[in-house]
Amino acid sequence: MDRIYGEMAIISGTANPPLAEEICRYLGVEPVAADVFQFPNENIFCKLHQSVRAKDVFVIQPTCSPVNKNIMELLIMIDCLRRDSAGRITAVVPYYAYGRTDKKDQPRVPITARLLADLITVAGADRFLTVDLHAKQIQGFFTIPVDELTALYMFVDYFAQKRLSHPVIIAPDIGAIRRARNCAERLGAPLAIIEKRRALDGKHTDMFNLIGDVNGHPAIIVDDEVDTAETLTRAVRFLHERGAKEVYACATHAILSGAAADRIRESGLTELVVTNTVYISPEKMERMAGRITVLSIAPLLGEVIRRIHEGVSVGELFDE
Amino acid sequence: MDRIYGEMAIISGTANPPLAEEICRYLGVEPVAADVFQFPNENIFCKLHQSVRAKDVFVIQPTCSPVNKNIMELLIMIDCLRRDSAGRITAVVPYYAYGRTDKKDQPRVPITARLLADLITVAGADRFLTVDLHAKQIQGFFTIPVDELTALYMFVDYFAQKRLSHPVIIAPDIGAIRRARNCAERLGAPLAIIEKRRALDGKHTDMFNLIGDVNGHPAIIVDDEVDTAETLTRAVRFLHERGAKEVYACATHAILSGAAADRIRESGLTELVVTNTVYISPEKMERMAGRITVLSIAPLLGEVIRRIHEGVSVGELFDE
Amino acid sequence: MDRIYGEMAIISGTANPPLAEEICRYLGVEPVAADVFQFPNENIFCKLHQSVRAKDVFVIQPTCSPVNKNIMELLIMIDCLRRDSAGRITAVVPYYAYGRTDKKDQPRVPITARLLADLITVAGADRFLTVDLHAKQIQGFFTIPVDELTALYMFVDYFAQKRLSHPVIIAPDIGAIRRARNCAERLGAPLAIIEKRRALDGKHTDMFNLIGDVNGHPAIIVDDEVDTAETLTRAVRFLHERGAKEVYACATHAILSGAAADRIRESGLTELVVTNTVYISPEKMERMAGRITVLSIAPLLGEVIRRIHEGVSVGELFDE
Amino acid sequence: MDRIYGEMAIISGTANPPLAEEICRYLGVEPVAADVFQFPNENIFCKLHQSVRAKDVFVIQPTCSPVNKNIMELLIMIDCLRRDSAGRITAVVPYYAYGRTDKKDQPRVPITARLLADLITVAGADRFLTVDLHAKQIQGFFTIPVDELTALYMFVDYFAQKRLSHPVIIAPDIGAIRRARNCAERLGAPLAIIEKRRALDGKHTDMFNLIGDVNGHPAIIVDDEVDTAETLTRAVRFLHERGAKEVYACATHAILSGAAADRIRESGLTELVVTNTVYISPEKMERMAGRITVLSIAPLLGEVIRRIHEGVSVGELFDE
Amino acid sequence: MDRIYGEMAIISGTANPPLAEEICRYLGVEPVAADVFQFPNENIFCKLHQSVRAKDVFVIQPTCSPVNKNIMELLIMIDCLRRDSAGRITAVVPYYAYGRTDKKDQPRVPITARLLADLITVAGADRFLTVDLHAKQIQGFFTIPVDELTALYMFVDYFAQKRLSHPVIIAPDIGAIRRARNCAERLGAPLAIIEKRRALDGKHTDMFNLIGDVNGHPAIIVDDEVDTAETLTRAVRFLHERGAKEVYACATHAILSGAAADRIRESGLTELVVTNTVYISPEKMERMAGRITVLSIAPLLGEVIRRIHEGVSVGELFDE
Amino acid sequence: MDRIYGEMAIISGTANPPLAEEICRYLGVEPVAADVFQFPNENIFCKLHQSVRAKDVFVIQPTCSPVNKNIMELLIMIDCLRRDSAGRITAVVPYYAYGRTDKKDQPRVPITARLLADLITVAGADRFLTVDLHAKQIQGFFTIPVDELTALYMFVDYFAQKRLSHPVIIAPDIGAIRRARNCAERLGAPLAIIEKRRALDGKHTDMFNLIGDVNGHPAIIVDDEVDTAETLTRAVRFLHERGAKEVYACATHAILSGAAADRIRESGLTELVVTNTVYISPEKMERMAGRITVLSIAPLLGEVIRRIHEGVSVGELFDE
């Protein structure tokens, strides 16, 4: 192969070290030796132990909890790499926080997903690599090239192998429909939608409708992330009420904030399938034992990093 | 009122002069005298007949047909205004073309909606004012402040006054759901969705499903624009097949390209309600006679321009 | 040769496909497979059928008629290439529209030639390659590196081979003098200038003077482009009146808008020599039959593209 | 007064609400009503309850603990204000975190103080107002105008009123000399410097020297911030060993991270004088009771905000 | 008058203080008190003695000799004004150096006129005001708004009042034709052109031709600047050889480098008319005594500054 | 070695040609043939005699006297290289002028060191290489990567070899302390500081204190530059008064403006050690004969240029 970029270098922030290690193993490389830590005054510091001059560097840092600290750490690492004369810097952010703040759906609010794109760019990233953005339009918030991967095919394969009998794919809210539809199309299954209706007088609680039919069928809820799991567990209850035989769910990003793990354990959900874009502590895994399956995104990220580095097509990987 | 900006000035490109005139009448101002025309070699030229130095200028130019010429004209007018030392330039683009190219839903395609935002900004616009973007995320494609208005409340009021008996609101495809849901919520009506399923083997034709129920009810299709009217007229047939009593439709932008006017006339549609963001020729109006109702967006745009100029809240106009 | 840039890739817009094909033949490469087309709503779309990741891409798109559509197409293709991670993008625009709007020669007008440079840059081009700009200062409108080629040497060689007897070189207006002088210098011929004088009272028509002498000599008019051919054909009549034996003309860009082809056929012009920077339809060629000679710029563009790709001097090609 | 900017508006993040309240009281204005909070997934959200369109907005947010969350909150608020069409946005950051990471004093480290300046600027701030930067060069990290205030005169006045007998001013390390010298000059007192010498063989502990003399005199340590208080308390011990009669200290920013409050209580320090740029919890105040004096910076910030808003000189306030 | 910008403030660099003073007198304002000087190490320093916060500042600094020092001084003053929070900064550069380096007329040279525009912009200027650029395209090198004034009307009026008998207007080289033509048109006089032809074999000296006729007429040479006066004095000799009765010249910018003053004195030129955009030392004036007439550009600059400040049309001043 | 960048090319401005030649000899390359000169009107021009297309170019130009001309020359050369399509441009500025104007230590002054960084960047430099900046924070004024070298180790080695008996390292003012401390630490010597105290009533002259002790010891003054040598020679006298046995000095940059050479000759200084970052004329060398030692920085710069070109670590060169 002709050399176009400098040598590949992988460096990890503190957000999800096991994922970075798995990617390094896939690629057969050692990560760049570096200290990334906080001083007692919470100021993050980064000190590389080896030069990245002219190298083709990939910084792996999902912006999961602690979200704001991990964002700042990412930006500071990029600044450090740029000032050490990295040849090219790809920010690898398997989970992109603030994705839901991607539009002004009410007046006088920020569009933080755009702001974050600008921050990453001004810090010095040359490229951006991510997985399952909350909305595909977020790609357009960047001017640097973006590669967005999806875990959807992994989920489709996983459920296809289960051979459920006539499952119905469920969009748990309006925002999840496109994703659910794509899943339904590939599984050859019908689609149903849970619609939340705000009580406009502001007094009564929200109402939920099921648009479509699930009675007597297994249901598979499809979403991009599980956050507090409130929407998810309410959907499970609601689907059971509407006669679903059993309820599965899949979501790329296992945020699992607050009491999410407990809610999932007690939800009546048969199985929640997620990936490891976000680090899940062993303690949380324990609390959801038997309910959660984690598929690894590392081989996909590793393969795409290899292709980006070698300058060959990423799209062909997905046969598109 | 304290003066913060220079005097208000309204200037119109050639895309929709009647709309600009109506806005000027609302505001009680004369438009800036200018020549905007094409040389025989198609090069667009702009020559102001009066100075806009220090003024608070609003350029009114929806990017409707001829789309690319109108875009270039907008950019050239902005350059002209900037170089004549306009105090502030607001691009008023009631219809934003290329809104559907807002994401990479397949590899190796552009995100033209972002590109267009960059073009308008680099030409020198300080602000952007528009109506019903195809996706709200497009606001995030801009760094300059954006005011996005909606015709939805006008449509809701219009249909509320019709007092239809138990209408069902229809999203004609996945992309229209959010808009349809908002409409349904305000009319207190149920929602149904037409889902298109691609035939994955590539041989058979696309399949359509109705998620939800319309049997015996009047139906109101809600979308952001009517382009070729193929989706619309197919939806009308489909809804009639599923037992809809009568079918209405509303859409902010009446693009009406190709044979759209004929399709609408022959569609079995009871009434299509649109606005005048896009200029509709008398000839086209004629062809759709009796089927189409055009509500004017000019008072809304005029009022918002006044508020932007005076530096008072726009959001309060909508009681939000 | 050491590899500095990725593999060469040529892609053509719809402005002048025969020129692009000829360049590809010269370089012995296949163009990038892509669809570039307009939807019924006139929105241009671009879809690459193969990846250009890391490649050294040259987009060939003169901004000839339809001018504004071709400009937008160029910008959209650049955006598409950038977002597909092209290694380097060179906009190859053999004819640069709006070149005459390169200054404010009256108040309250745009400088569209600068605007266009900014649009191309913000879309993502890394370099710019063009032929015979209307004014050389337009290079300074770009910050990205520009290679400007000239067809002048081709015209000089062509007329030198004709061995005309003591020809006089004619600048048909003030703006063409520098170009005519360079031509005269290389052909060792005298220079004469047609000066247009505006009637300042605004009532009478413009007056023309010949500065210099053409009586009894063959004349060669030198200009950068032939647009409506009004200036050209008036110059031909004027030169005949002043005693020119026969009148030739050369111009790089054959815009030929409006009735230009007919004017040229009936002008009394012995021969008009142009290049193929701009696509000339067979129908137009037919109308000017026997009056027009088209020299191909493709070998020159091809050779310069090769040199840019290999990182070797372009200037040496011209022995400068 | 002529109106140049829109109406003044003050808005506070969650970093130091009492300081913001005190500034508002000084200015006699109500803060902008807004919700600034975190969702369960730690994403910060900001929702203004009133429009800031065209207003002259000051966002008050020192980047104290939790540092990284407060930085992100500041950036998100700026984005929100910009997108709500604020007329001018001044970021008021009385304490600027990451000031010590202002240079590469070793290879392969970031310059986070510059990065932070870029983040604030890209988010949309028009001006920057701060107090006692760690190094004055940090002003040069910004291109937007900066007003840097100092608490030094407040400290000088405070100690002048104490009428200590022949005090010696102490720079506790090399970085604090300039500040200590300025203080010494204004108090007409001699200067002494504590120099830390790294043990170059890496085995032994650091050595400290006193350059200058303190024997029999009261000492006043001058620094910009007290972080863990380790440097401070070691300096107190060291000065007592060298015969200082009693030891005072002053520092603008009371970071007080880790066990700082306990160290200060037990340090033998007679009095530590700080300001309220950073919020100090009542619990921490309690732990340092009798040892710490907090001077309010609010009147100074309030007065400067008023002058910035009215467009009158800030420098004259300091008689410079 | 409504106040749009802050109070007007005029500040002068060291390039042409008498011009600045004359402008201030015209406007009835005192210049901003400031020290602008060089340290012994040649570093330029600027210290304002009064605040320009929020003011509408005009920096008057033609980039005449010492050219590079005056450019740097201009940039440093702009930086100083920006960092002192000037409300708006207009760089008033009556003479723009490096105007002849406005294009690549040979390979491997800079376009310094563009570079200079970028330097002025990055330093922080909001507007640019100048007189008679070498080429009008240089306006397009700026993105900030430019007002370019011309001394041409002053020269036309001056020569019209002389009532010369049938004068011929002379372009002393190709680059001066447009300017000479405009002058000829307004004076109703014929145009003649001196053409320099390079000896292409590189051995012989350049040849000169007169295109047009001057025999028996007074001649008026029109150019933008007189630099070494070599071109000018050669033109005078040449025109006398061709029978001109007497030779006048006018040029906006009296650079007069090297032995220019002596050449002019001894040239046989009847009168050289210039303006005071560039400072001419009394000593130089002395050397050209009786040959040179200096018209003041100060009232024109003063009037335009007033109009820019008040936000009223500049173009109307010229009845265009 | 794999090729990442194009071929190395070295080009020198007129600031310090002997240094550039020495660097070329170290690297074994010929400099790029070019003319860099001033026209009679002082306009600097640059014309390359060979193409630098795709090359990895290093422009060597310390910004020493004539300072402002050398800065402009540097910027113009960078523009020229960029427009000739250089692959990468590294500005090698061994002496960075305006380093002392790196902060606003009084109101209403510029931060020229930041401005200069912006000018170099906007002209088109991709990297920056320098020696001993006045303050390390100046690195943060750049966003492009900076390599800052130091002559300190050369000085330490030089004085270590002298084996002076118990020398004391002297910081001649507050600003030089950090540098002096680093030197002291490496030589294992004590540190003393000369403190200048302004007379605050403005009437009396400045006062000097020695903080620390030098009696009976050789003294080594450490500074970054020697400008007028006033500070230096006053320090020599002062140290002799305080009992220093003999006084040495070292400083990276030998500016030597005004009467510096004479002052040094007559100062009583035993030896001044400097480098050749700045060109010292033979005449000046003569005047300081026997007092000055010039160490060459060329091998260090050459080695670092080689490493930058090859993409290998620079930091490892210093064993850091």
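Lettered A, B, C, D, E and F in written order, each chain numbered from 1.
Everything that follows uses one rule, which is that a contact is a pair of C-beta atoms (placed from the backbone, for glycine too) under 8 Å apart; a residue touches a chain by one contact, two chains touch by 3 or more.
Please read all numbers here as calculations on a predicted model, not as lab measurements.
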item	value
Common touching chains of chain B and chain A	C, D
Starting at chain A, fewest touch steps before arriving at chain D	1
Target chain F, source chain A, minimum contact steps	1
Centroid distance [mean C-alpha coordinates] between chain E and chain D, Å	50
Separation of mean Cα positions, chain C and chain B [Å, integer]	38
Centre-of-Cα separation between chain F and chain D, whole angstrom	33
Set of chain B residues in contact with two or more other chains	3, 51, 83-84, 104, 106-108, 111, 114, 118, 139, 143, 146, 314-315
Pairs of chains satisfying the touch condition	A-B, A-C, A-D, A-F, B-C, B-D, B-E, C-E, C-F, D-E, D-F, E-F
Chain A to chain B touching residues, read off their complex	102-108, 111, 113-114, 118, 135-141, 143, 146, 148, 174, 177-178, 181, 184-186, 190-193, 195, 197-198, 200, 209, 211-212, 314-315, 318, 320
Contact set on chain C toward chain A in their complex	3, 5-6, 50-51, 53-55, 82-85, 87, 124
Chain C contact footprint on chain A (complex, rising order)	2-4, 127, 139, 143, 145-147, 307-308, 311-316
Of chain E, residues touching chain F in the complex	39-49, 51-52, 65-69, 71-73, 75-77, 79-80, 83-84, 97-98, 100-101, 104, 106-112, 114-115, 118-119, 122-123, 227-228, 255, 257-258
